Amino acid sequence: MAKRLGILTSGGDCPGLNAVIRGAVLKGDSVYGQEFVGFIDGWKGLVEGNAIPLDRRSVRGLSSQGGTIIGTSRVGPYREPDGGADNIRQRMKRLGIDGIIAIGGEGTANAAKRLFEDGVNIVGVPKTIDNDLAATDYTFGFSTAVEIATEAIDRLRTTGNSHKRCMVLEVMGRHAGWIALFSGIAGGAHAILIPEQPETIEQISEWVRSVVHRGRAPMVVVAEGFTFPDMDQAHSTKGLDGFNRPRLGGIGEVLAPLIEEHTGIETRATVLGHIQRGGAPSAFDRVLATRMGMAVSDLVADEGWGKMVALHGTDIVRVDFADALANLKTVPPQSYADYRQLFG
Amino acid sequence: MAKRLGILTSGGDCPGLNAVIRGAVLKGDSVYGQEFVGFIDGWKGLVEGNAIPLDRRSVRGLSSQGGTIIGTSRVGPYREPDGGADNIRQRMKRLGIDGIIAIGGEGTANAAKRLFEDGVNIVGVPKTIDNDLAATDYTFGFSTAVEIATEAIDRLRTTGNSHKRCMVLEVMGRHAGWIALFSGIAGGAHAILIPEQPETIEQISEWVRSVVHRGRAPMVVVAEGFTFPDMDQAHSTKGLDGFNRPRLGGIGEVLAPLIEEHTGIETRATVLGHIQRGGAPSAFDRVLATRMGMAVSDLVADEGWGKMVALHGTDIVRVDFADALANLKTVPPQSYADYRQLFG
Amino acid sequence: MAKRLGILTSGGDCPGLNAVIRGAVLKGDSVYGQEFVGFIDGWKGLVEGNAIPLDRRSVRGLSSQGGTIIGTSRVGPYREPDGGADNIRQRMKRLGIDGIIAIGGEGTANAAKRLFEDGVNIVGVPKTIDNDLAATDYTFGFSTAVEIATEAIDRLRTTGNSHKRCMVLEVMGRHAGWIALFSGIAGGAHAILIPEQPETIEQISEWVRSVVHRGRAPMVVVAEGFTFPDMDQAHSTKGLDGFNRPRLGGIGEVLAPLIEEHTGIETRATVLGHIQRGGAPSAFDRVLATRMGMAVSDLVADEGWGKMVALHGTDIVRVDFADALANLKTVPPQSYADYRQLFG
Amino acid sequence: MAKRLGILTSGGDCPGLNAVIRGAVLKGDSVYGQEFVGFIDGWKGLVEGNAIPLDRRSVRGLSSQGGTIIGTSRVGPYREPDGGADNIRQRMKRLGIDGIIAIGGEGTANAAKRLFEDGVNIVGVPKTIDNDLAATDYTFGFSTAVEIATEAIDRLRTTGNSHKRCMVLEVMGRHAGWIALFSGIAGGAHAILIPEQPETIEQISEWVRSVVHRGRAPMVVVAEGFTFPDMDQAHSTKGLDGFNRPRLGGIGEVLAPLIEEHTGIETRATVLGHIQRGGAPSAFDRVLATRMGMAVSDLVADEGWGKMVALHGTDIVRVDFADALANLKTVPPQSYADYRQLFG
C-alpha cells in the first residue's frame, strides 16, 4: 500500500535541501503513489506535530531555490517533554505517517539511528556543507560552497596583487578542511590551512614570505576550525581537544594580524560566513540533491528503515546509519601533502 | 634522471586545459625536477617541432583561465609527410623530449594508443566536454558546461512562463546526452532529449501538451546529437547510422517549429553553442583538472607509458588507453528512465 | 480618494518587469492606499477583463525574479471586437479601475498615447531591452542583457584564442546597437556591427585580417538588425528599407561563413537569443525598475495621465508619451566612431 | 606634438582601474600618438621615478581584469623628502613626461588639485567604490560592488528564511550609503542603514520585529559608516564627529547581537569586506571605465590640466578638481525616505 511520509530538514541551511524535497515528492508521487508532509523547522515540527502537506504543486521550481521551504532548526528529537521515540511514534500514528525522511548532518544521523533502534521507521539523507560524512563521496551543498569560496578567492587575489598585500580568506570547515582545500586549489591559494593539519605561525609566515619573495601577493585560505599550537594566550582559549581556539571572532581575524606582525607584510582578513550556505545551488548540487531525493523515495518504498542514501562514484547507494557515523571524513594527510607539493 | 616532457592539447576547447598544464608543471617541477615544453596547436606542434618552454612562471594564475595557452587543433599525428611514429620519435630526440603528455578526447586517445604501440613514450589526460569517456567518472569541462547550460535554462524558463511559450534549449552532446541530462535535471526541464534515446515528434509533442495542460510553460533540453525517427525529409538527411539528422542548423532549430506545428503552442529555440566550452572553469573542474595534471606528472615519473589518468570515485587512478577506448560512456537507459519518472 | 489601478506588461520579456510591479504595489499601498490588479497577458487581459488582485503579499520577493507574474503578449488594445477605447473604458468601469499602468515598449507607448487621446486614464513605464527609447537614459533589462552578452564574449574569447578562430556573437538590437556596443566595449571586441552603421563584408574582413595579423583571435559582436550592403542574393532578401536581410537564421549565421570565405580564417557564430531577456535582473536593473515602479505610483496619485516615467541622469522624471515616441534612440555616429578609435 | 604621459592609480583597489588604463592607452596611441608610462604603486612610483612603459600590448585583455597592473598604495605626493611639486616637476622632466593622469579618490583629487596649483600638468579620473564624489553621476567600481552585495543578500535571505533568523549584511560605505541603498533595494532588504541617517537601536529593533510579525525573516543591510546614537560604551568609542563608532570589528558585528538582545530574534552578521572591491568588473563598470579612459586621453590632448572627467547622464564631461571636491555626494534624505516608503 502506498505510504504516507514525513520529511524534515535539520541543522544549518544548505543549498540543495529544496531539491531533495522536490526529488522525493515527484518520484514518490509518480512511481509509488507515496504521499508527503513536511514537518516545520526540523525535529521541532515532528515533535510538536506541526506539518504541512507536500504535493507536486508545492515543490514546483524548487530545484533552483536555496534554503528549505519547510524550515530548519537545531532542535533534536529527544528533547522533553514531547520528544523521544514513544511520543514520536504516537505522533506519527495520529498523523497517519508511515515513516520519516530526515535530511540532516551528523547530529541528525545520530538521532535517527537512535530512533530507528527505538522502533521508529526512519531513513536519512546526508547533509553537511563541510562534506565530512564518511559514508558518501560528496554531500550536496559542498559544491556550491566551494564555487562561492573560489569566486571570493578570485576577487581577493586582484586586490592582493594591486596592493601587494597578503589576503586571508576564512571559509567554513569546523572539523574538516574540504572547502578550504577545494577552493584553495581552484583559486590557486599559496597556503591552505585546515583543522586536520595544525601549522605554527612561524611556518605560515615562512610560506607567506616565500610567496612575496617570488614577487607575488600571498593568498591564504583558512578553514574556520584550523588552530595553531603557538596561538598565544591573548588571542586564544584552550579547547577540550587541547588545541587553542580564537577567543574572539574567527580564526581568519586572529591570523591576519599575526601574519602581518611576523612578516611585516600588510595582511587583510575576510570571513566569508553565511554566504557559503545560502542561495541558488550549483547545478552539480541540484543534480546530486535531486538524485538523493529520488533515491530516498525508493528506499522508503523498499522499507529500508535505518538506512541513508549516499554517493559512491557516480551511483547513489544505501548505507546504514551506523556506517555513516563511524568516522568523520577528514582530509587525508596525503591529499594535503599533494597540494603542498604544488609549491615545492 | 629528471625527465623532459612535451605537453599538447588537442581537439575542441574545454575549460580546465590550462589547469591541467599548470598542475603538471608545478608538481613535476617541485617533486621530480621534470622540465616541460608545450607543443603549439596540438599534434601539429609536435609534428612540426613547434614548442615553447613551460616553467613555473608560464603557468601562473592559469587554474582560473579558460582555453589553453598552448593552443589546440583537430590535426592528428599520423598526417603526411611529417607525422607518424618514426618522425615523431626523431622529433622528440632532436628536442630532447623523453615523453609526451597528450590531453585530448577519443581521437587523441586513439592516436596516443597507436603511437604507444609504435614505441613512443606517451601518456594521456582524458578531455571531453561531453563526459562520454568510459574510463573516468567525470572529465573536466563537463561541470562548467553543465553550470552554463543550467543558467541558460533558469533564464529561459522565466521567459517561457511570461509568454506561455515552449522553450527549447540545444546543448552539446554529440553521442552522449550527459550535459542535457544533468542541466535538464538541475534546471527542472520537462523533457530531456538525448542521442541515446530517440523519441518521435509525437511523443515529444504529447509531453509538451501535458505540461501546458498542467498550466506550465514547457522547457525542453535537447542534446545536439538527438534524432527522431520520424524527422521528415524536408528537414533531414539520413546519417550513416540510419538515423535522420538535421539538414540545416541544429536539432533545436528543427525541433522547435515541429513542436509548434504539432501542438499549436508557440515554441522558440536557443542554441547554446560555443559558450559552453569557453571561459573560466567551475571550481569543480579546476580541482579535477589540477589533480589530473598532478597525477600525470606522477605517471610520467613512474614511466607509465601507454596509460591515462582517470577519476574513479574521489580517486585519481591510471587506466590503459585500450580500456579508456573500449566503450563510449552513454547515459544508461535506467538513468534516463529515472529522470522520466519525475514527471509521472 | 485612493485609486484602484490595473497594471499590464506587454511585448517581449524583459528582466525587471516584476520589480516594476513590486515597486508600484508597495509604494502605492504604503503611501497612497492605492489598490492594484494585474491584467493577464498584457492588453489581452485588459480587453478580456482577465485580472488578478495584486497586494503586498503577491509581490513578495519579486525584485530578484525575472519574467512577469502577470504574463505578457504581443496583442494590442485596439483589436476587434473587444478592444478600442470605448470598450476599454467600459471594462475599466465594470472592474472599478481608475487608471491603467502600461509597462511596455514602443508599440505599447503608441497604443497608450492613442488610448489617452481617446479619453482613457493611462500612464506608462518604458520597457525595451534594446534601450532604444529616446525619452529615457536607460531602460531596465538593458543592463542585464549587456552583462549576459559580456559574459558570453568573455567565454568565446578563450575558445577563439585556443583555436585561433574568429568568433562571431549575435546579440539583440533590431533597430539600435546599444547591446552590441556596450557588451562589445566591455568584452573588448575587435569589431562591433550595429544596425545604425552598415559595413561591407570587405571592410569587416579587413578588420578581421588585421586582428589576426596582430597575432590575436578576432572577436566580432553583431546586433541582430545589422545589415551589409553587399550581402549577396543567396543569403538575403531585400527589406522594405532597401537593405538586405538574412534569408534564413540570424545575421551572425550569415556573417560567419562570409568572413571565413573572404579571409580564410576559421569562423564560428553563436546566436545568444532569448537568454538575454530572461532570468534574474542585474542589481542595476532591479534598482531602476523598482524606482520606476515607485515613480509611476506617484504619477498616478498626481493623475498624470498621458505620461511616462523616465530616467534622466540619476533622476526619475516624467515625459509625455508623444516625446517618448518622437525618436528612436540610436547609437550616435560619434559614439561609434569613438569606439572604432580604440583600434586605430 | 604628441605627448608622453604618466598614469598612476591611487587608494583602495577598485574594479575598472585596468579598463581606464586600457582605454587611455588605446585611444591615446591610436588618435593622438600619445605615449604612456605607468607609475608603480601610485604616487610612490611618481615620487620615486619608478615607471614602466605602457603600450598597446601591455593593455591587452585588460577591460575584464580586476585590480591595477601598475599597483596602488595610499602614499601621497607631498611626502618628504622626494615629494612635492618641485621634485615631481623635476622627476617628470627627467622622464620626459608631459603630464600626469591620476586615477584616484578624494585624497588623490585633493593632491592633484594642489599639484596643479603648484604648476604640475595633471588631470584626473575619479575613483571611489562608495560612489560619493559629487562631480559625477556614477564612478566605476560602484556597480560591481552593488552586484556583489546584491548577490550576497540573495544568498543570505534563503538562510534567513530557513532559520527564521534576522540576517545583517555589512557592506562598504564609509561616509555615504550608496552601496547599501542600491544593494538593499535590489535585494529587497527590510532595513537599510546608512551613515547619512543615524537610527536608534530601538527603531531598528522595531523594524525587525515588524518584519517578523509579517511572517518574514528580516534582512538588514548596513553600511560600514553607519552609527547609532545610543550605541553603548561597551561597544563603542566616540569619533571626532561626536558619533559613536564600533570599538572592535565592524558595525555589522556590533549591531547583530544588539538586535538579538532587543528583539529576542536570532540574528547573524556577515561582513562582506574586500570581496566588494576585487575581481572582474561588471559590464557597466567596464564600459564606464573604458569611456573615462578614452575621455582622459582627449582631455590631455586638449591640455585640460586641472580637470577631471566625469559622467553626467549618458555623457562623459569635464569638471574642475575644485568642483569635484566641493561636496561629498551623500544619499539625499528624500531618496532614503522613498525607500522607507516601500515598507509603509
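Per-chain numbering from 1; labels A, B, C and D assigned in written order.
FYI, a residue touches a chain if its C-beta (ideal position, glycine included) is under 8 Å from a C-beta of that chain, and two chains touch if they have at least 3 such contacts.
Computed from a predicted model, the values in this text were never measured in an experiment.
Participant: Both chain B and chain C are touched by which chains?
Facilitator: Common contact partners of chain B and chain C, which must touch each of the two, are absent.
Participant: State the chain with the largest centre-to-centre distance from chain A, centres being mean CA positions.
Facilitator: Using the mean of the C-alpha atoms as each chain's centre, the farthest one from chain A is C.
Participant: Counting shared numbers against all numbers at the contact of chain A and chain B, is it over half, same, or under half, different?
Facilitator: Counting shared over all numbers used gives more than one half: same.
Participant: Per the centroid of Cα atoms for each chain, what is the distance between chain A and chain D, given in Å?
Facilitator: 35
Participant: In angstrom, rounded to a whole number, how far apart do the mean CA points of chain A and chain C lie?
Facilitator: 41
Participant: For chain A and chain B, let me know how many angstrom lie between their CA-based centres, rounded off.
Facilitator: Their C-alpha centroids are separated by 30 Å.
Participant: Which residue numbers or ranges of chain C touch two or more of the other chains?
Facilitator: Touching at least two other chains: 154, 157, 280.
Participant: Under the stated contact criterion, what part of chain C meets chain D in this complex?
Facilitator: 23, 26-27, 29-31, 60-61, 63-64, 137-138, 143, 146-147, 149-150, 154, 157, 182-183, 185-188, 216, 280, 282-284, 286-287, 290-291, 294, 312-314, 338, 341-344
Participant: Quick check: in the complex, which residue numbers of chain D touch chain A?
Facilitator: The touching residues are 9, 13, 17, 41, 65-68, 71-73, 148, 151-152, 154-164, 167, 248-249, 253, 268-275, 277-280.
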